[in-house]
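Here the chain labels run A, B, C, D and E in written order, and each chain numbers its own residues starting at 1.
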Amino acid sequence: MQQRKIAMVKQELKDLHELKQLYQPVADEMLVNMGPQHPSTHGVLNFLLVTDGEVMHKAVAHVGYLHRGIEKIGEAVEYNGFVPFTDRVDYLAAMSANQGFAMAVEKLASIQVPERAEYLRVIATELNRIASHLVANGAMAMDIGAFTPFVHWLKEREFVNDLMEELCGARLTYNYIRIGGVAFDCGKELAEKIVKWIDHFEPMVDEFDRLITNNEIFVQRLANVSPISAEEAMSYNLVGPNLRASGVDWDIRRDVPYSVYSKFDFKIPVGKGFRGTVGDCYDRFVLRILEIRESCKILRQALATMPEGEIMAKVPKTIKPPKGEAIARVESARGELFYYVVSDGSSKPLRVKIRAGSFTAMSIIEHLSKGVMIADLVAIIGSLDVVAPEVDR
Amino acid sequence: MSSSTNLTLGQYFKNIQNAALSTLEGMAVTFSWLFRRPITIQWPDKIEKPLEETLPERTRGILEVETRICTGCLACQKACPIDTISIDMERNAETKERFIARFDIDAAKCMYCGLCVDACPTGAIRHTTLFAYATDNIDNLLLSYVDKGEKVTPFRPKDPQPELRARGSIGKNVLERNLKSKN
Amino acid sequence: MDGFLLTTTEEFLNWNRKSSIWYLLFASACCGIELMQTGGPRTDLDRFGAVPRATPRQADLMIVAGTITYKMAERVRLLYEQMAEPRYVISMGSCANCGGLFQSSYSVLKGVDKVIPVDLYIPGCPPRPEALADAVVKLQAKMMKEKYLRTVRA
Amino acid sequence: MWYLANYLEKNYAVSINGQESAWLIYLIVAIASALVMLGFASLFAGLASFVERRIAGRIMARVGPNRVGPQGLFQFVADGLKLIMKEDLIPNGADRFLFKIAPYFVFAGMLGTFVVLPFGANIVAANMDVGIFYIISITALVVVGIILGGWASNSKWSMFGGLRSAAQIVSYEIPLALSILVVVLLSGSLSTQGIISAQGGLPWDWFIFHSPFAFIAFFIYFVSALAEGNRTPFDLPEAESELVAGYCTEYSGFRFVVFFFAEWANLWIMSAIAVICFLGGWRVPFISVEESTSSWGIILLGLAIFMVKTLALVVVVIQLRWTLPRLRLDQMMNLCWKYLVPGSFVCILGTMTWMVLIDWNSMIGLVLRVVVFAGAFMLLAYYIYRIRFNYMIDRDNYKKMTGKDMWYPPYRLP
Amino acid sequence: MDVQSQINLIKGKFPNEVLENFATGTFVNAEKLKAICQFCRDNEELSMQVLTCMTAVDLGDHLELVYHLISYSKKHDLVLKVTLPRDNAVIDSVESVWKTADWQERECFDLFGVNFKNHPDLRRIMLPDDWQGHPLRKDYTPPTEYHGMSHTRKNPLIPEGQSATTENSNG
C-alpha cells in the first residue's frame, strides 16, 4: 500500500512538472482538472483547463481513460466473434458499428446480403440513430441545466429499447447484424408496434421543441457559441451532424450509397445558422432534431416497402476471407464510421482499424476552447456529442 | 438578454417578449405533464406479474443449459469469443461411451451476445429472461449445470425426445442453489 | 433490556441509512447509459430515495458502471477514498466484475475488486435497469442487518 | 407572539422578590416563538424537499420517492438523519474554522427572516415597524455564508461557486429592494402587517393589480427573489453540471444538511414575501382590518388563505426549476443590470404618477384595478388553454400505443 | 475521377516518387509523402480536402502506413501507402496539411512507435505516459503488472486442480 501511495505521489508531481513546461502558466493562472469523473464530460474524458477565473486560455484534453485495446483484440478473435466487440465501440449507436464491420468483411469475402436483411438493417440502424440522438441532445440539455428534457428523452428511449429488445434481444449491445445478414426476423405485429410508436413520437418531438429548443434562455446559451467554419470542420475531419452543421452537405447514406438507402427519399438537413452564425452549438443541436425527423420518415418508408425473403446469406461456420484489405463507410449517429480490415487468409483478421466521429470531434475541442467560459466549454462538449469509447476504442 | 452591447430598443423589447412567451410555453408543457400517466413500472412489488414473464421472448438474460438434449459437441465452447463456457467430456473406461462430467458457465464474464445459442445444434443452451441476481460473492455467478459426481450421457438425435424442463427454471434452481450454498 | 434498546435504535438508524442512498454520478462505459436509464422514468431509483450526486463527498454508494482501465484505476481509488465513511460499492456489469469481454486486453483492469472493496456484483452486459434496482434493494437489505452501534460499543 | 406576552403579563405577573418580572415573560415567550419558527422552518424545508422531488417526478413522467414511509412522507427524515450519521470530513487544505462556521451563517441568515413573516392577523413573531427593510438586510448574511463556504473548502470548484454566488446575490438585491419599494409606496408603511392591512381581501384590491407597473414590479420581484435563493434559471453557484456541486462540493454530513435546509427554507421566504407585498397576505375577502382580529375563526381563515397563496407560489417556483435551463454568468449579470434595474425604476415612477393621478378608493381607481385584474386573468386563461393543448396532442396516440388512457391527475398517487 | 487518372496526375508532378500501385491507391516514397499530400490537397482536380483515416499495419517484417484521403466536392477517394522499417520508423508529420493528423499521428506513435518529425505535441494519447512498449505491434508482450495491479485473475472456470490462471491470451 505504502509504495503505491509513493508511486502515485511521484506520478502526480511528474504530471504537474511536465504540464508546467508545456504551458508555462502566467502568474495568476491555475490548472483546473475537469477530471475523468465530471457530470458533464460524457463518460471518462479529462480536460485540464488553464484558466484565471471563468474565462479559459486553453483546455487540454486527456483521453485514453477508456482505451480497451479493441483493435488488438480484433487480431485475436475470429470474424464472427468480433461483432459483439464492435457493439462496445459506440454503445449509443451500436447498430451502425455492427453494420460497418459486417459490410467490410462482406466486401472482403464477397458475400451478397439478401434484400430483406438490408431492409431490416436499415430499420434497426434508423431506430438506433433516433435513440442515440435522443441521449446526445438530452445530455446536452442537461449540461445547460434543463433536466426535464433529458428525462423525457430517456422515456422515449425506453420505448425504443423495448422495440429493440423484441427485435434483437438486447437493449444496448445488440449483436443483431451478423456477417452476411441479420440474426432475427421482424414480424408483422412488431412492425405495427414500431409504426404506432412513431405516431406517438413525432408530436413529442414538437413538444420538445416548444419546451426547450425555442426556449429563449437555451437559445441565448447556445447561439453564436464557438462557430466552426466549413474549412476548419473539414481540416479537423469532423463528420456527421457536426460537419453538416458547418454547412458542408455530405452524408454517406446519399453520397457514398450503401445498403438500400438509395430506395428511400429523405432530406439531408444542413446548418443554416438558425438563430446565430452557421456551425454554432445551436445549429448542431437543431440539426440532430431535424435528423430525428428524417429518420422517422425513413423508418415509415422502410417498414411499408419491406419485401419478403431470406434474412441470412449462406455463410460458412468460420469465415476465411481471401488475403487482401477492404474499407467500409457507414453513416452512424456520430457521423462517418470508417472500418479498414486487412485479412491474411486466416480466420482472424490481420488488422482492424476503426476511425470514429467522436475521436476527431474531441481533437477540435482544444482548438475551440481558447478564450471560452467554462459554461460554454460544457455546451461545446455537449454539442459535439463526444462518446468516450469511440474516442479511446 | 443577448450580451452584445449594440442592442437596439426593438431588440431589447423583443428579447423580453421572447423570454416571457417561451417561458410560458415551457411552463405549459411541464404543467401538462402533471396530468399524464407516469410510465414507471414499480419493479419489485407493485406490478401484477413478475417482470421475468412479461419480457419479450428473444431477451438475452442469464444462460441456462438443458442437459437432457445436450449432445456434448462443444460447439458452444468454440463459438464463444471469450471462452466463458468450459465443458469436460470424460470417457468411461470399460463401456467406451463419453459423458459430460462438468458444464460450467461464468455468468460474471459472459457478454450475453447469443453466439453460443446460434451455434448449438439442438438448442440445449439458451438465454433465460432472468436478470436480478446481484450477489456479494463473485463465485456465486459461476453456474455449473452438471453436478460434481453426476455423469450426463450426451443426447443422440435418434433417441426419443425427452421431456424438456421449462425455460428459466433450470437457471433459477442453479442460481438459487449458488446463493444459498456459498454465502 | 439493553439489547432491545440498542437493536431498535440501530434498526431505526439503519432504516434511515437504507432509505436514502445517494449514489455517485460516475458512468464510464455502456453500463453508464443503463445507469442513466435507471435514474430515468421506467425503473426510477428515486423511488428508493436514491439521488445521483456529482461529488464523492456527498455520495455513499459508488456504482462502478463500465470498464475500468489501468489509467482510470488510480482515479477510481482516489474517488473511493474521498467518499465519506459508511460507503458501499456496487460493481455493475461484466467489465467491472472481472474485466468481462476485455479480460484479454493489455490495458483493462481485471475486475474493480483489485482496487476497491466491492459489496455487490451484478451479472449482465449491460445489466438491465431492473437488475441495478434489484442490487440497490439487496444493498438495502444488507444495510438493515449491519451492526452499526454494537460494533462501535463492543 | 407579543399579543400572547401581554396576555400572560396581565394575568400571571408574579413579582420575584419585588422586581417587576415582565422581562422574564418576554424572554420565555421570545424563546418559545423562536423554537416554533425553527420547528416550522425545518418541517417546511423537509416537506418541501419531499414535495419537490414528487412534483419533479410527475413532471418527468416518473414517480418520486414513494417507498420511505406512507407514500414516501418520511423521505426527508431519512435524508437528514443519514447525513448526520455520515463521517465528518474536512479537506486537508481547508481553513478548518471558516469551513465549520460557513453553514451557520447561511442558517442564521435564513432563519432570521422567519421572525418578521406573519402567518395570520396578529400571528407574527415580531411585528417590527421596519419589517421589510430588515428582511432585505438579513438576506445578505446568506451571501457571507456561501462565499465563506466556497473559499474555505480549498477546492477550485467550490471557489468558483462561491464567487459566482457573490456576484449574483449582491447584484440582485437592488431590483429586489426597488420592486418592494413600489409596495412600500402604495402601503405607506414598512412593517409587514401594515402592508397587508393596506390591501383588501378581494383580488382587485391587492397591490399587484393596482396598476400595470405594479404588475411588472411583481414579476421583477419574483425573478430577483429566484436569484436570491439560487433557484433555477440562476442556480449558477451550485451548478450541478458545470461546477460538480458548486460551493458545497466539499461539504458532507451535517454541514451539508444546513446548506440543504437553507435552500428549501428559502422557498417559503421567497413566496411568503411575494404574498405579503403583492397578493394581499392573510386578508379575508369582505372583512375589514378591524374585524379580522375579532374572532379566532377569522384569524385561522386568514392563516389558511395565506398558506394557500404561499404554497401556490412555491409550486410555481418548483415547476420553474424543472422547466428552464441555466443562465451563463455574464447573461445573468446582463439580465440584472440591463433589464431588471431599469425596469424597476420605470415601475417606481409609473406607480408614483399613477397614485398621484388616480386615488385608491375612487371609482376610476377601482375600475382600472379590475381592468388590470381582467388582463391578468386573460393571461392565466391563455396559460390553461396551452396546458390543455399540450395534453390533447398526445392523448390518442398514447392510448393507441400502450392501450392505457393517459389521464392520471396529480392527486391520484401511483 | 477514377483512381488510375488520379495516380497519373500525381505521377505527372512527382515522376520517380510513385512506386507500384494497387486497386484503390498507390505506394509512395516516405520522404516525399508530405509534399504529395500537400499537392493532393491544393490541386483543383484532386482537391482532397479531408484525410479520413491515417493508420499503420504491422506486416511482420515491415510497417505500412496507410493514408485514406477523400474529397467531398469531387466525391472521389484515394489511398496512399508508405512502407517503413520496423525498428526506427520515422516520417514527417502531415499535421500542417490536415489538422486531424495531429491526434491520429499521436495515436499511431502511441500504439505503433512510429516517430513523426516536427509534430507539435507528440505524446502518448491512449496509454498512461509511463507505459512501456507499443501494444499494436505483433511482437508486443504485455507487462505482468502496472502500478501494483497484477494482470492475472483466478479463472473460476478452471477447477482448483489445474492451476492455470488467465494469462494474457491475446496470442
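By our rule, contacts are C-beta pairs under 8 Å (C-beta built on N, C-alpha and C of every residue); 3 or more make two chains touch, one makes a residue touch a chain.
This is a predicted model, so every value here is computed, not measured.
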item	value
Number of steps on the shortest touching-chain route linking chain A and chain C	1
Contact-graph distance - origin chain B, target chain C	1
Greatest separation from chain C - chain, by CA centre	E
Centroid-based (C-alpha) most distant chain relative to chain B	D
Centre-to-centre distance between chain B and chain A (centres being mean Cα positions), rounded to whole Å	25
Mean-CA-position distance for chain E and chain C (Å)	41
Interchain centroid distance [CA atoms averaged], chain B/chain D, Å	49
Sequence positions of chain E contacting 2 or more other chains	126-128, 135, 147, 169-170
Residues of chain C engaged with two or more neighbouring chains	40-42, 44, 47, 54, 71, 74, 98-99, 101, 103-107, 111, 125, 128
Set of chain D residues in contact with two or more other chains	57, 59-63, 240-241, 244, 322-324, 327, 330-331, 390, 394, 398
Pairs of chains in contact (touch as defined earlier), listed by label	A-B, A-C, A-D, A-E, B-C, B-D, B-E, C-D, C-E
Contact footprint of chain D on chain A as seen in their complex	30, 32, 38-40, 53-54, 141-148, 151-152, 155, 159, 196-197, 199-200, 203-204, 206-207, 210-212, 215, 217-218, 220-221, 373-376, 378
Chain C - residues contacting chain E, complex	70-71, 73-74, 98-99, 103-107, 109-111, 114-115
Complex contact set, residues of chain B against chain C	38-44, 51, 62, 81-82, 106-112, 131-138, 141
Complex contact set, residues of chain E against chain A	24, 49-53, 55, 57-59, 66, 68, 72, 75, 98-100, 102-104, 111, 121, 124-130, 135-136, 147-148, 169-171
Residue ranges of chain D touching chain A (in the complex, touch as defined)	56, 59-62, 156-157, 160, 163, 232-233, 235, 239-244, 322-331, 390, 393-394, 397-398, 400-401
